[in-house]
Amino acid sequence: MYKFRDDEHVALKDLLFDGMTIMAGGFGLCGIQENLINALFVSGVCDLTVIANNCGVDDVGLGILLRRRQIKKMICSYVGENKIFEQQYLNGELEIEFSPQGTLAERCRAGGAGIAAFYTKTGVGTVIADGKEHKVFDGETYILESALKADLSLVKAWKADLEGNLVYRKTARNFNPVMATAGNVTVAEVEEVVSIGELEPDGIHTPGIYIDRIIEGRSNHKPIEFITTRNFPDP
Amino acid sequence: MYKFRDDEHVALKDLLFDGMTIMAGGFGLCGIQENLINALFVSGVCDLTVIANNCGVDDVGLGILLRRRQIKKMICSYVGENKIFEQQYLNGELEIEFSPQGTLAERCRAGGAGIAAFYTKTGVGTVIADGKEHKVFDGETYILESALKADLSLVKAWKADLEGNLVYRKTARNFNPVMATAGNVTVAEVEEVVSIGELEPDGIHTPGIYIDRIIEGRSNHKPIEFITTRNFPDP
Amino acid sequence: MPWSRNELAQRAARELQDGFYVNLGIGIPTRVVNYIPKHIDVTLESENGMLGVGPFPYPDQVDADLIDAGKQTITESPKASYFSSVDSFAMIRGGHIDVAILGAMLVSQSGDLANWVIPGKMVRGMGGAMDLVAGVKKVVVLMDHNAKDGSPKFVQTCNLPLTGAGVINLLITTLGVFEFRQQQAELIELAPGVSLQEITDKTEADFVVSTHLISVPY
Amino acid sequence: MPWSRNELAQRAARELQDGFYVNLGIGIPTRVVNYIPKHIDVTLESENGMLGVGPFPYPDQVDADLIDAGKQTITESPKASYFSSVDSFAMIRGGHIDVAILGAMLVSQSGDLANWVIPGKMVRGMGGAMDLVAGVKKVVVLMDHNAKDGSPKFVQTCNLPLTGAGVINLLITTLGVFEFRQQQAELIELAPGVSLQEITDKTEADFVVSTHLISVPY
């Protein structure tokens, strides 16, 4: 019970400070924290370093934070289609650090799992390897990549119980479970809060130990970036 | 369908060779591969390097392989109560490499995940750190631990579908999912094989991509090392 | 006559075997799915966290929680499983995916791939492409043999930022098929009616010609 | 009079706070569970892969798939979750467990812990102990102040292989409580009726005495 908060503003209020680092789960617009991101926008917290796979689009997801110039630096694998982002980047108002998607995920995992750094083959021979330690294992070259941590992690799940055990739905899982582990404080936005005992213990994706606060999202628009369909078969 | 095999002998027959490295999931006697280990025993394959958290007890689990002196080297975190093991070790017939339990798990994960090595705090200042690379990150000292892989991984799950998607039950999960990822070939022993579509896609613990062959265990004794109970409450 | 883009996809589909786990990149590679022989069971992976990608949904099946790595709505096959981005890239980097089929801007004669920076456009990021080419067992690249202005895309050295160095196993262009061994390209197949002279003229890269070159008159 | 082993466990329970996630080692530490105040909600972790360890089962509830890290049969609490050994030690090493309470053979004045090699016996392995002491936020050690032969167990330097160097935050012995800060031990509490003279005589380690030393006459 003590983890549940009434709304997204209450859940974040005392956790925000200018210059902080925030991790946010999500892939494109799938599995993003609509309500918590809105609370970030309303709070006006600025000079943020944001670690997320993408930065939303102009009017949705993390993209809305660009309107008030709240983001100083993005650590991501792909920017996405975002005009304001492009403009601020080309003006030098926004810094980007690209990390290959798997390396980004693994760096967050390392941050949450007490691993300081790891050797990966990804990026060897590319600009990503510039300035990084190289080492040969079994005749193959690897580069050293370091852990990422955040002051605050925002995650979106399908269901939570009051202990903070989380279950995600389909591909909305993506970066959410790993980012839940790498925040100094982690706040989860879910579609439904259920009683303790309702989630199957063998089926829990994120154990409650990683979750400090939970809100039930007031709005769940779940926008879709590209709707692709096939035609109904002929009857 | 093509992954299912009739029994444990058929499943392993063409995969075994003297001097090979085998990983086996399980913690104590919980989540061990009773039938597959029996097939290893029957096959007589020898000079094995076995990577497992423990080595069973005298008459159960991996311990039975000691009777025919099939194991040359164990990589494990805890030997357990095993007289034959002790005897063969003290006679110099058996080599042991101890790895702290979390480091052992992480080394197997690295093997399966394309990570050559990683820096951990575990073991700094102990004999485990002897001869290993040390490096300071953010003022703390870490040691470099390397990946483990196997020619063959044996895992035990509760249920499998014919695609090889696995679900484990309670603490019988332990090392099984990670070892499924680090074998050149992985064979799963399960209590029940179900049709494709019967397992909830959000609840699958090991995706079928990691599983090459499946058997339904003929015997499931599931021995318990220490039965501890409390008294029934007074009526 | 050079292969059409659909024929590129059709040729790539011949690299798939029964039981393979496959990752298809955005663009032409997605068309490969239309040419997988019916008797072959292939499982499609999407690097945002699923195995067993199904076809696009009917309009009433669209689910915002179910998209592929191209952010398009999809469906799940009966054997589908979902996992996190961490587990997805552990699978990719760990060499568990059998084949990745990707597009390219430039390919070098030593098997370097450049496909994440488009000249003159803002750099949008490499997404999962660097992980895929570094980890997947076999990397197949599909591309037009030449750019729209006729300039070669199979070159001696890529003058664009690389996605991976020496990572390509098979290059299928509109004019032919090249196999890479020890970072050396070998022409193994010509598109129907394409001559060795033509492909040599339109290629900047050095390559050897297979003694078993497949060449079909148009 | 020195604390009994149950009183050690009782004293250790006072280190627990509402909402804490706790790992209890084998031996005396398991008794801590009997002294957790009713109004405090503590979640027990077992490093073989679960959070929310419940009490021992009734005889008809015994489940071979449900054991703790000591390989004893247990039950699950309603908020339980299961996970793999990899995820369990990611949790431990990543600093997510609030307190680990462990036993010891020897403890040094700089907070070194030796508890995995028993002199004269075959080395059975460290299990998860090295990971726990390296990763958990607060490491509390419970032990008899002296060995059966009277020799000190709180020493200047451990002459047994270490489980971790400088990892202990709080040492609770049968004679008193020591806190470690910057690898320097400070005596903060005496067992009832134990004098500063007695504990000093029975200790080989150097320690400072807190200006707020808690000392209760027996």
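Order as written gives the chain letters A, B, C and D; numbering starts at 1 within each chain.
As a convention for this text, a residue touches a chain if its C-beta (ideal position, glycine included) is under 8 Å from a C-beta of that chain, and two chains touch if they have at least 3 such contacts.
Because the structure is a prediction, the values reported are computed rather than measured.
Under the touch definition stated at the top, subunit B and subunit D share these contacting partners: A.
With centres computed as the average of Cα coordinates, no chain lies farther from subunit A than D.
Centres computed as Cα averages put subunit A at a distance of 36 Å from subunit D.
The geometric centre of subunit A is 33 Å away from that of subunit B, both derived from CA atoms. Distance between subunit C and subunit D, defined via averaged C-alpha coordinates, is recorded as 55 Å.
Multi-chain contact residues, meaning those touching two or more other chains, occur in subunit B at positions 106, 109, 113-115, 120-122, 168-170, 173, 201-202. Multi-chain contact residues, meaning those touching two or more other chains, occur in subunit D at positions 50, 76, 82-83, 89-90, 92-93, 134-135.
Arrangement of the chains shown, judged by which pairs touch: an irregular graph that fits none of the line, ring, star or complete shapes. Under the contact rule stated at the top, the pairs of chains that touch are A-B, A-C, A-D, B-C, B-D. On subunit A, the positions that touch subunit B within their shared complex are 106, 110, 113-122, 135, 137-138, 140, 142, 146-147, 167-170, 173, 200-203, 205. On the subunit A side of its complex with subunit C, the touching residues are 27-31, 53, 76-80, 86, 89-90, 96, 98, 100-103, 105-106, 108-109, 120-128, 158, 168-178, 205, 222-232.
Those residues of subunit D that touch subunit A in the shared complex are 18-19, 21, 43, 45, 50-52, 76, 78-83, 89-97, 134-135.
Remark: subunit A residues 2, 109, 111-115, 161, 163, 165, 181, 196-197, 201-202, 204, 207-210 touch subunit D in the complex. Residues 46-50, 55-59, 61-74, 76, 82-86, 88-90, 92-93, 112, 122-131, 134-135, 161-166 of subunit C touch subunit A in their complex.
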